[in-house]
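First chain written, first letter: the chains are A, B, C, D, E and F, and each begins at residue 1.
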Amino acid sequence: MVERVKTGIPGFDELVNGGIPKRNVVLLSGGPGTGKTIFGMQYLWNGLQMGEPGVYVALEEHPVQVRVHMKNFGWDVKPYEEKGMFAVVDAFTGGIGEAAKREQYVVKDPDNVEELVDVLRQAIRDVKAERVVVDSVSTLYLTKPSVARSIVMQLKKVLSGTGTTSILVSQVSVTERGFGGPGVEHAADGIVRLDLDEIDGELVRTIIIWKMRGTKHSMKRHLFDITDKGIVIYPDKVFKYHK
Amino acid sequence: MVERVKTGIPGFDELVNGGIPKRNVVLLSGGPGTGKTIFGMQYLWNGLQMGEPGVYVALEEHPVQVRVHMKNFGWDVKPYEEKGMFAVVDAFTGGIGEAAKREQYVVKDPDNVEELVDVLRQAIRDVKAERVVVDSVSTLYLTKPSVARSIVMQLKKVLSGTGTTSILVSQVSVTERGFGGPGVEHAADGIVRLDLDEIDGELVRTIIIWKMRGTKHSMKRHLFDITDKGIVIYPDKVFKYHK
Amino acid sequence: MVERVKTGIPGFDELVNGGIPKRNVVLLSGGPGTGKTIFGMQYLWNGLQMGEPGVYVALEEHPVQVRVHMKNFGWDVKPYEEKGMFAVVDAFTGGIGEAAKREQYVVKDPDNVEELVDVLRQAIRDVKAERVVVDSVSTLYLTKPSVARSIVMQLKKVLSGTGTTSILVSQVSVTERGFGGPGVEHAADGIVRLDLDEIDGELVRTIIIWKMRGTKHSMKRHLFDITDKGIVIYPDKVFKYHK
Amino acid sequence: MVERVKTGIPGFDELVNGGIPKRNVVLLSGGPGTGKTIFGMQYLWNGLQMGEPGVYVALEEHPVQVRVHMKNFGWDVKPYEEKGMFAVVDAFTGGIGEAAKREQYVVKDPDNVEELVDVLRQAIRDVKAERVVVDSVSTLYLTKPSVARSIVMQLKKVLSGTGTTSILVSQVSVTERGFGGPGVEHAADGIVRLDLDEIDGELVRTIIIWKMRGTKHSMKRHLFDITDKGIVIYPDKVFKYHK
Amino acid sequence: MVERVKTGIPGFDELVNGGIPKRNVVLLSGGPGTGKTIFGMQYLWNGLQMGEPGVYVALEEHPVQVRVHMKNFGWDVKPYEEKGMFAVVDAFTGGIGEAAKREQYVVKDPDNVEELVDVLRQAIRDVKAERVVVDSVSTLYLTKPSVARSIVMQLKKVLSGTGTTSILVSQVSVTERGFGGPGVEHAADGIVRLDLDEIDGELVRTIIIWKMRGTKHSMKRHLFDITDKGIVIYPDKVFKYHK
Amino acid sequence: MVERVKTGIPGFDELVNGGIPKRNVVLLSGGPGTGKTIFGMQYLWNGLQMGEPGVYVALEEHPVQVRVHMKNFGWDVKPYEEKGMFAVVDAFTGGIGEAAKREQYVVKDPDNVEELVDVLRQAIRDVKAERVVVDSVSTLYLTKPSVARSIVMQLKKVLSGTGTTSILVSQVSVTERGFGGPGVEHAADGIVRLDLDEIDGELVRTIIIWKMRGTKHSMKRHLFDITDKGIVIYPDKVFKYHK
């Protein structure tokens, strides 16, 4: 019997037969504006509602902005941070600025993956995290693609070693159909792709699960929306590209 | 309730549910001749009419030419400069030439992003700017794409730190369908794309909003024109590429 | 009369006229999520059931995970390891970590192909291996494609020299239609390609045998499934790409 | 009221609402054999007929050949050179050869853009040039694309600083659909593209104006011919690519 | 009257008007699994049957494997080696290994083209070779494409200098439609392309003669098979790609 | 009145309004097997029949082979060499070998363009050449594309300086649709393209004149054949690519 982690994202768990298999490291890949960050935040928030602590690794945005961004969706993480159930790892500011000084988990040199891994491990231990989101992993190797795989491998060892079920956000260019390069794609236990495509003059949002180790999963491309409550996936609406 | 900044560009605010969410940093991407510069100038001019001061960072044109260019559309910024409501940051001349000596905000070394950021911050403070346009951000990393993301990140910190709502003009080649590379695309809070396409022997102008953090927005591609009063967008005219 | 090794994978042996010709080094190529690792594990497990010892070279996953992964399909290799019929070569941990210390075949420096070859040769000798799976060979030259061919050649010499029939897993990007580059493709005795394609909004799994030295083989593309018992190929279901 | 410079090229001025806006720097882009050089020469010759002096910067051909080439179309510039109304800047010979010694404006080191700019500025002053053609600007950065934008910027400063209305010939490869790269395309005030395409076994010549700062312009692709009197454009014949 | 060398490959000589013109150096190009090696071996074996000695240069496989491989098709070269009519040049082992010590023509350093050429020349002289196959020439420049042409030129000088009629096997990637790069393609006297394409879910083998100096040749694409007796070409079965 | 050089190639002169304008430097571009070398040889041979001396610069083949190759078409140049009307410049052997010692015009270091130019100039003077063929110019910059334009420019200066009408053979890859790169394409006075395409399973030969300075020319793509008398072009048979 596979242990599963429910994302709580409407429609998603149904696509993976009940939830993401525990300890899986899932690559969440997509172009700009596809909703990757929202997906990650929603995954963590829903965990908190189910009593599962979580850690968000902020590489793209100021931790303060992360909390504001979540609150805009009605996801107020402050109380959970105070209860010691949630942590933001600040891999954005480098510890510079007033606001940064109030952060508990700061990576001084965000280019130093070893330091990032150490701080992350500490945060996971402190909050007894069961869920982790790294947003984004691409930032770590944007200018040095040759080390992409080894960085993902390092993260994977920490994440699966600590027993968490985690999401690595992978940013790809709007014109790229891949998931982030061969080294990254093959290292992940799961691959979820979010797409935003212009079809007949209109932007359409779809999701497809390309791979999910340890479980059956939907083999279809599904429509989804971004609402002011977060992401809503429609398991019954299958989308086909017409050529 | 999201605070919004009205662009005043006919048709545009309607597409973003009333205006650009305050503090957003919007990437305005397009090929040559698509109207990016006009869009940016119109955004600033309309701000001045609503009592919102602004700063234009000139990286592509001589500040004198910028003022002439705006005046050609009937947007005479001189009085606003005198009132201390508008400033042009000269990141073009390097301070060389007679005309440059009369500029107040001069970046001596336009290749030095730190200096640019300092001068920009000063100009924002002086005029109490609420709107900023950087035209273009691409110039800053044209010959060093590997630092594109870090430059955009630096700008973003200043711009959102000072509370302005800003537009970063992103120049792409006529044949490129992306928005300026993965590092840049994902860093922006919003992405607006202007297109100029040859359809059946005729050039057609369209706009699409790919992403706008903090608000619903049109998910369609709309036609627009460049008139002698500036840009006019037609929210009701949706354009579909035929293949 | 060609000597053959039966893979035991439902449907596969039929496609190669009864089995893979003995001593062949087969490239198993495919994108992420196509089932390459499962294919390799199933090949080794079936060998054990037929009394043919095997070695799995783990370059992508912790040896402990490899055993868990196999067990999830009902393939418990522990008893066979104890009987000296099966070995995992650990080219993943570098010998670091508690679990790694219990491994018998450890490659200290996974970047050192000579060491890998030495450890592999020892494991083959010890268990008298008739089957070997290297998962994946791509890892060995991911960041140095110019040495790909020479690495594959080195492995090939050991593998065919020791008389084993082996599978080299070749990871390609999801968007790549090749098999792993010219140097690798031409060095292998056989090429099997696993594909995962989105067709009309649905993911479809297919297999095609591009090359198999020493035997006739199916010249068609066949559908297959990944079940909780492993891979099942449908020799009678031919798949055609529609354009 | 926009001041305009009439090209005098049959059909062209009609496409730009009466002429090129004064001081514009226009990129004239096209593949081999599209008629860029003829367009530039015709533009200068017509200027001379209207009493507007001009300068031709020869980077591709010997100045002697330039004069012969023009004369073949009936455009004899000798008398105008003698009257001090026309000059050829020799950026081809490097001053080597007998014929070169008789040239007045010689760039000793054509790779030295500063020298080119100095000689060009002198020639413009001497003949009181109102029109300049640089044929081709691509030659200046063919082997160093990273400096393309800065070279075009340097030229632009001289050309618009001296009040001339000028054409920069941009050579692109026969297979390239761009105009000369992002740095160059965005720097120009106007972009005119000449095309030569094989349509149903026949070569067809077309022109399209992609961009022209300061004026309305045709948004269509027009047919044109190269006759023994030079270029003739057909404003009424619109061409559509069929796919 | 052109002197010709009969390949003896069923159907092939008919395509080249009776045989390959003597002294021609033919590039045999194709992706993995297309049958290039079999074609080369069959060409040499048939020569032996007609009393024409030959040399096979083994760059991809152990000489022992080469002989086994040939024998599998019923082509036992041992007796011919003993008679001094056939030789294998070992450019594979570097002289390392027991089996290699029994080889007569060994290239100690296969990366040293000069040495290869010397050994090859010796072998040609010893057996009075009229046919030579180099399998593959691509191996010689796989990691240094810039010297491809000069290597092919060196080989060509030896081969045509000694009066042999020879085949250079050129490996291309499965996705590449070229023949091995411009330097190589133009250097050869003839180009024969073997293709393996997936058409409607089925692999199809075809051959086309792109170029053959000194003779008329078929201008069509023909079907062929690989049987247990070698290659059989069907001059009457023309294949057309449908798009 | 334009002076013209008749090629004498059946059908060709008709396509260029009577002949190639005197002094033009024509790029003859095509993939392998398209007939470029034959075209060049035929052009020189026909010149000799009309009393116009010529020079063939051999960069791809041994001078001895060049003469044999020509003789195979019935073009025996020996008597013309003896009369001092024809010369082969040997830029192939480097002066090495017995046969090379009998050559009169030898370029010791074929990589040294200055030496090539000197020897070529001498040969032109000696035979009072009116026609020159360089086969191929691509060889001179195959491994250093950045100097392609400057090499072509150097050749052009000698060739037009000496008053010859010449053909530069430009080799492109079978998959490349260009003519040899932007630097080369724009430098030539004329561009003739030979094509060999597979259409419905059959190879088809066509010629198109892309550019010819100083004359009107056919704007169509024409069929041609290679016969045992050389090239025959069919001005009345126009070829259209069907897509």
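Throughout what follows, a residue touches a chain if its C-beta (ideal position, glycine included) is under 8 Å from a C-beta of that chain, and two chains touch if they have at least 3 such contacts.
Every value quoted in this text rests on a predicted model; they were computed, and no experiment measured them.
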item: Least hop count linking chain A to chain E through chains in contact; value: 2
item: Fewest hops from chain B to chain C - one hop per pair of touching chains; value: 2
item: Inter-copy rotation, chain B to chain F, in degrees (Cα atoms; steps of 5); value: 120
item: Distance from chain D to chain A - Cα centre to Cα centre, in angstrom; value: 53
item: Rounded Å distance, chain A centre to chain B centre (Cα mean); value: 31
item: Whole-Å gap separating chain A and chain F, where each centre is the average of the chain's CA atoms; value: 61
item: Residues of chain D touching at least two other chains; value: 243
item: Chain contact graph, described as a line, ring, star, complete graph or other shape; value: ring
item: Direction chain E, origin chain C - full chain order round the ring; value: C, E, F, D, B, A
item: Complex interface listing, chain E residues touching chain C; value: 31-33, 60, 62, 65, 69, 72, 136, 138-139, 142-143, 171-176, 196, 198, 200-204, 243
item: Footprint of chain E on chain C - complex, ascending; value: 2, 146-147, 149, 157, 160, 177-179, 181-183, 185-188, 191, 208, 210-211, 213-214, 219-221, 238-241, 243
